[in-house]
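Two complexes follow with chain A in common, the first pairing it with chain B and the second with chain C.
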Partner chain A sequence: MAIITISRGSYSMGKEVAEKVAGRLGYECISREVILDASEHFKIPAIKLSRAIHDAPSILNRISGGKQKYIAYILSAFASRVEKDNIVYHGLAGHLLLTDVAHVLKVRIIADLDYRIGIVAKRDNITRNEARGLLLKDDQERRKWTKSLYKTDPADSSLYDLVININKLTKDHAVDFICQAAGYKELNTTESSLQKVKDLALACRIKATFLEHGFDVSVTSDYGNVLVYAKAGDRLMHKLQKIIKGLDGKTKGINNIEIHSGVPFPHNAV
Partner chain B sequence: MEPLTTNMILVMMMIGLAVFLFIVEWVRVDVVAIIMMVTLPLLHLVTPKEAFVGFSSNAVISIIAVIIIGAGLDKTGIINKLVTPVLRIAGNSTSRVIIAISFTVACISSFMQNIGAAALFLPAIQRVSKTLKIPISRLLMPIGFSAILGGTITLVGSSPLILLNDLLVPFDLKPFGLFDVAPIGLALVASGILCFVFLGRFILPQGTTDAGDEKTGAVLEEIMEDIGNVYELHTPDDFTHYREPITVKDLRRRYMLNVIALTEPPDFKVMSPGPDLEIRSGIDIVLFGSKKNVMRMAENEGMSIKEQPEVFKNEIAESISGAVEAVVAPRSSLAGKTLSQVNLQDRFRVTPLAVFRHNETYRAKIGNLVLAVGDAVLIHGTWSRLKILQEEKILLFTTPVDVDIIRPEKAVFAAGWLSLALIMIMVFKIQLSVCLMTGALGMIITRVLSIDEAYEAVDWRTIFLLAGLIPLGIATEKTGTAAWIAHESLRLIGDVQPIVLFTVIGILSTMFTLVISNVGATVLLVPLVVNMALEAHADPRMAALIVGIATSNSFILPTHQVNALYMGPGRYKSTDFMKAGIVISLLFIVVMIGMIYLFYGI
Partner chain C sequence: MSIITISSDSYEVGREIAEKTAKILNYKCLGREILSRAAEKHGIPEANLSKALDEVPSLLGMSAKLRERHLAYIKAYVLNLLLDDNTVCYGLAAHLYLTDISHVLKVGIISNPKKIISRIASEKNISEEKAENFIKKRKEQCRRTSLQVFHVDETDASQYDLVINLGQIDRKRAMDIITETVNDRKFKPITYSLNCIEDIELENRVKAVLLEHFSNIKVLAKRGTVVVETKAFKFKKEKKCNSIKEMAGKLSGVVNIEVHTNSYIVGN
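Moving on to the complex of A and B:
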């Protein structure tokens, strides 16, 4: 019983590997479903959410915080999905959210640039140079995006449990490795690791609620005890307290909720 | 008028740097002063001797002596003894209580450091609030403001006034006497107190009712209801079977419940257990927290809640243990540390329950909160252990723990030496620093406090701040910068009446003191305003006096140490200070200028 997240560079066969792993293990394979969930729940067109997750945020986005809101919605939907366990996820947003969860197997699939150029040039009927430009731009966008959201380089191998290079090894080899790793007892779901996922899902939902009201806060949840980290300021506190009154008692899973203003948020805050 | 020189430009840059560093707080204020002390001689703006002359200045020695005298008075408990007769006179009326305590604090603050007087009275004010059922927010701010205003009654009441005569020396101006400023100071105190009495309902938080209203005043009891209650539970015999160990800190983390006591098998009682202690099978456990969380925990973990405490009935009885509120005072060693680092559980066997800051209650993850001055911590423990904590003096207890007055037999000596010092100043007209140091020495020799206690009491931050900024003042005057700035300022202001000039000086001093310390504002402004007054043919001594007084006009923001100290226990927000502070600050300027006009005929 595990959650498998597959991070990939573009055209690295990650999607095919994910689908094969899900098929072999009998897990649910999700990617775009997360965006559709978020779109339905938060009433935002899926295309807007897709763009938010695909393109690296511009300076304007960073100032206005608009994209941040969409990303929070997507993370909230993602976290709610993975609460169910036995999931294979391949996509852009969520894999780094689950870094501290014990029963998550974090995989990265990479492939040679030349190999990828070949695939893109053939598929899109363009020259190798054009394909190369497209791929490098795509890689750069993903790197910028991940850095802006998680302050980390997605190519950093220490973020993953398993990094597989589809070059000499084939997709099927990759599937074999992942399925074997998923069976190890270290990846068994425990009560505390499941609670962690529940807490993450709750924190994401609450953060999304605050963002809907226009407040950029950081949220942690520990066994349903929610802490909202906000900037200092009396007027701000007053408004945040109002939102909390609305949340407490209505949102499932909240045991206690409290605002800590002017206090630096911990690294694992959403 | 001298033209602008390189040295003047350098001095102005140094002033700009000092002001900038005070505002951004990249380094502490005393470090800024030391930067000045070192940089000025390197730039040849002052001689090396002048750079360090501050340490031997009349002002610095006087302040050291005042601090020691204040600490001596604190040790004897003589101040606390004043509270009972004062309250007897005041009776039960809220207004009379505010007037009586405010006036008493103001008088004490007139010869002690403001913060010392404010801290001394905090437990007494809590007691008054509880006994007479007056909301503490109605008491603390007026009394805190009175402590600040009281510093304007005598020339030893506040650091700027102590500094004043030293700053007049380069101009050969006649120094001020100890009580020269008293009429103004007393008028300021009176007007401040009356303002709160008549306008309290508009400017104080929840200040909507008069004396004798029905509101409950015992804040501590309200807090306890809000945070939770004490419950005794029992763990089943198979509690530890087939599960990972649960510790005291796990219960806090998962259910926001504080373990106050538990038994270790077979029946050994542990009060205020450490965070890593495991909860075992078949034991009794006393928790503090909300009923909702206790019931949730009991259900999830299979514990049974008892109707009443049984096993720990005696240990948690009110006569044996309870909860107190303790504040992080300005010089507390706890400021800047987290509760986890302080580790009250292991060191003192007491349990922190919550932290109050800026009118907010923090219950979760309080171990990670970096404590700041003014934070109030709610702590539970046996009275004997709380007393041990109180005696460490790392926290200022606002709930009295029935601590015996430490040295009552020394009260006569303390009062005697203080009186002697005052007589030496007033009657024999001896230099202030010599008189005050005599009083301090007398207290040490008669063992009111030991020399080590005296050293410990001295706030070196204030000393270095003062000593470090004095050379900046010297440089400002010596290079002609003060005269140049004064001249240019007067060109801008134009020809004005002295009263208008003094009002402008008062407002400037008020603004400066809010962003850079009162001492910094005084050292920088006095040379400037004296030059301005000389050029405008106004009285330069009065101009300097206005700076010395107006730099105590620090009410709008809770930056003054007294306001910072009262913020937590009073559950004030910054906006509360702004509201009341604006009114008092304006009143301050009007009364100050008015009194100077009436008494000194400017």
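Moving on to the complex of A and C:
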């Protein structure tokens, strides 16, 4: 019983590996479903959310915070999905949200650039040079996106439990390793690791709520005890308190909720 | 005759995994102990060879020319040993110069970060936050060293076939993955891949000899034909070419030598 996140560059066979692993283990395979969930829940067109998660935020986005809001919605939908356990997720940056969760197996699939160029050139009927340009741009966007959101380079192998190079090793090797690793007892769901996922999901939902009201906050949750970190002056604090009153008692999973202003937020805050 | 290279951010962890994997597979295990034999062969202190592998390039450290020569000694010695039996190799940066050889399985091992941080914090008597920063700094130094010395980024996951993080996956399971993978027929040597290793071994053996007398040497070898590129002034060109041909020609495996002299050396 585990959550498996598969991170990959575009056309690195990550999707195929994820689907095969899910099929073999009898797990649910999710990727785009997260965007559709977020779209339905927060009433935002799926295309806008897709663009938010695909393109790196520009300076304007960072100032206006528009993209941040969409990303928070997607992460909230993602966290709610993985609460169910026995999931294989392939997509952007899911593993980074779940870094401190014990029963998550984080895998990265990488493929040789030449191999990927061949696939793109054939699929899109373009020259290899054009394909190369597209792939390098895509890789750069993903890198910028992850760095802007999580201040970390997605290519850093220490972020993953397993990095598999689909060059000499095949997709089937990757599937075998991942399925084997998923059965390790270290990756069994425990009460505390499951609670951690629930807390993350709750923190993401609360953050999304604040962002809907136009406030960028950081949130932690520990067994339902929620701390909201905001950079708000006294003038805006009462508005934040109002949002909290709306959440408390109505949102499932909250034991207690407090707001802290002008205090640095911990590294594990959402 | 498969070859497994194990690279780790912790020498002790890399050594343990390499030795145990070699035992399971009944392979030879090559580690830093061979540096003493390589040093003896060339009449230099072993510490110099270790320095060539480990020291971060700096103005006050080992000169680039000296490092290049010592690395040529190491590579020639290691590659010669790798021509033989099934081998697991660690601590010798083999993954950085055994490129494009199909029967080499290159494995990166990332130690359990929490254990490493607490070990360094306790060894150096510093906080865990400082230990974490120390590790980050060391990783960046490794990256710069590998780029400058081997022209390859050691921290780039694409340099490896497999990277295993011991944070979640324990050592025994990591060894299971490695031993299972190497048994795949893709990692069995074929004539072409064996020829490639022989060519790289010959290149470095020739380079090791020539660098004792000359600098700015670039060597390429293919099935006994050796091409040496070097710099020479016009009036010394012929003498230099003849010296190179004489020195390299004495080495076993050299069938034919060409020497090209240039005004500028273009990198590999």
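Here are a few things to note about the model shown:
Throughout what follows, the second predicted complex is superposed on the first by the 268 of 270 C-alpha atoms of A that agree within 3 Å, B and C clash if a C-alpha of one lies under 4 Å from a C-alpha of the other, contacts with A are read in each partner's own complex, and residues count from 1 in each chain.
Basically, a contact is a pair of C-beta atoms (placed from the backbone, for glycine too) under 8 Å apart; a residue touches a chain by one contact, two chains touch by 3 or more.
Nothing here was measured: the structure is a model prediction, and the numbers come from that model.
Within the superposed three-chain model, A:161 lies in touch with chain C and out of touch with chain B [touch as defined at top]. Contacts of A:222 after superposition on the shared chain: chain B is touched, whereas chain C is not. When the shared chain is aligned, chain B comes close enough to touch A:259, but chain C does not. Among chain B and chain C, the chain that touches a larger number of residues in chain A is C.
In the superposition on chain A, contact of A:70 is made with neither chain B nor chain C.
In the superposed pair of complexes, A:237 makes contact with chain B only, with no contact to chain C. By the touch criterion stated above, chain A contacts chain B in their complex at residues 192, 222-223, 225, 227, 234-235, 237, 255-256, 258-261, 263, 266. Interface of chain A with chain C (complex): residues 102, 105-106, 108, 110, 112, 155-158, 160-165, 167-170, 173, 176-177, 180-181, 184, 186-187. Those residues of chain C whose C-beta lies close enough to touch chain A in the complex are 102, 105, 108, 110, 113, 155-158, 160-165, 167-170, 173, 176-177, 180-181, 184, 186-187.
Against chain A, the residues of chain B that register as touching in their complex are 244, 253-256, 293, 296, 358-365, 368-370, 573-575.
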